[in-house]
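For reference, the structures are reproduced in the following blocks.
What follows is chain A paired twice: with chain B in the first complex and chain C in the second.
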Partner chain A sequence: MKLLMHASQINGLPVVTVQGGEDVAEVRDVIYSPEAGHLVGLTLNKRGFLSGRRREVLPAGAIHAIGRDAVMVDDESRLVLPEDAPDDVAHPGADRNVMGDDVLTESGASLGTVRDLVLLVGSAGDVVGYEIEKVDGGRGYIPLPAQLAVSGSALVVPDITEEFVRDDLVGLGAAVDDFRARLGLR
Partner chain B sequence: MTDSFRRAGGRKLISRSSAQDLGSVAHLLVDAERRQITAVVVGRGKKARLVDWSEIGGFGPDAVMVSDESALRPPADDRERLAADGKLELLGQRAISELGNAMGTIDDVTFDPVTGALENLRVGDREVPAGAMLGSGSYAVVLADHEDPLP
Partner chain C sequence: MDAVNWLVLVLIVLLLAALAFVVIRRRGRAGGVFATRDKR
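Up next is the complex of A and B:
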């Protein structure tokens, strides 16, 4: 089963063990690699009201599934300390934050600014698009190629992205495959 | 023969040797992996006691029989203390699929009163075989993805 979700919807979800039925943490933030276009992992908070950050992180490969209501892990040992985690999870670069970045086509046209990430979730998570605030102020969705150039203030997408700007998540879901096929990615 | 958690709640625990009423069934502690009742929790809060399933002489429709009062014991580990606090009660617990989607709440559980083997879970208007239960804890009962009704 696959489902499109905003990164902002994943933040705050409980992290639940499949084998234990316990809520061991909650999602603090989505760590994402803009260059590679994929989910790297999740940072975590403790569960409960007024609880603080958990030092452990959850690498993408240790996630059992991401759903509408919870992030599932096999057991609590999947949460690892930063020193035991892959480097990209333990030390995400400051330029990983693409929120507010300008989305420019290779020809130099601005499609808008990034407002949120869109992930295709289920038994694995992948970043497949961005929610953008279009130049006219409206909301739009663009599919992502597998890789793109990112500077920390702007990201450059192929020109054909402009043809695939959609108004809603349903439209984006349909556009992703077509878009990647046009780019010869699938 | 089949019994259910909902029907079993409140049933009296009786000593076979003294015919004394030793309390009433608060809920039933299960081992999700084995799909089996492991203990009967009698009473609630600080006064809660456990009776191991192996100590049950008969889980009857009107009373649960044990040999005598010595069958009742205090919780022995963290999981049993959670159970004594009612935190592991299956009835009313949220059900979630292993894909992370909420599936409703556990409204009833059927079991074989002779062996203590779990049979089916009623989750809203769905009947789910106990074999689909992957884990059970204080937050949720986790069900296998093939029970997830989402496409």
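Up next is the complex of A and C:
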């Protein structure tokens, strides 16, 4: 089943094995590729209120499914050590956290700041848009692929993104296809 | 009375230390949403 989820809803989800139903970790960070528009992996915490980080990470290819209540993996061996994982997943740069980044159009207008990332989960984990806090204080959603660049502090998006700001997730779902068609991506 | 004061002081210090430990530990578990570097 496919559903739209916020990245912040994935943070903290348990990682459970399909074979055995063991609860082996908890999601710490969500790492995605803005260029490719999909999830590339997850970093993990150990289970338990006061437990620390788990050294192993979970590349997107090793994920069986992401659901509303858990991230499923086939078994614990799917968790890989950082030295065996893609560098983007093993070492997400501290300056690459997009939460709170400004969203600017190419012509320099601010659309707001990033509050969350919206993913289509169920299988691969496609990134479909961002939740933003609009300049006027309200909440809005913009579709992806939208940004041309992610710097340390701002996402720069095409000017037409301004026409596709929606107030809710349902609106975003409908806007993504139109937006991509307008950009000639589909 | 002096001993009681010391005991209370030690307990307060221990409590603050435990609180700091929990806060630091919980903050260390907080996650984020990271974009990969542009490879174009």
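One rule holds for everything that comes next: the second predicted complex is superposed on the first by the 179 of 186 C-alpha atoms of A that agree within 3 Å, B and C clash if a C-alpha of one lies under 4 Å from a C-alpha of the other, contacts with A are read in each partner's own complex, and residues count from 1 in each chain.
Here is the rule we use: a residue touches a chain if its C-beta (ideal position, glycine included) is under 8 Å from a C-beta of that chain, and two chains touch if they have at least 3 such contacts.
The structure displayed is predicted, hence computed values, not measured ones.
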{"item": "First, second, both or neither for A:Val40, with chain B first and chain C second", "value": "second"}
{"item": "Touched partner set for A:Arg53, first chain B, second chain C, both or neither", "value": "second"}
{"item": "Greater chain A contact set [chain C / chain B]", "value": "C"}
{"item": "Touching partner for A:Glu131 - first (chain B), second (chain C), both, neither", "value": "neither"}
{"item": "On chain A, the residue positions that both chain B and chain C contact, one per complex", "value": "none"}
{"item": "Interface residues, chain A side, partner chain C - complex", "value": "7-8, 11-12, 26-35, 40, 43, 45, 49-53, 88, 92-93, 96-99, 116-117, 149-150"}
{"item": "Of all residues in chain C, those that touch chain A in their complex", "value": "22, 25-26, 28-29, 31-40"}
{"item": "Touching residues on chain A, where the partner in the complex is chain B", "value": "1, 3, 13-14, 16-23, 64-72, 121-123"}
{"item": "Residues on chain B engaged by chain A in the complex (per definition of touch)", "value": "32-33, 96-102, 134-142, 145, 148, 150-151"}
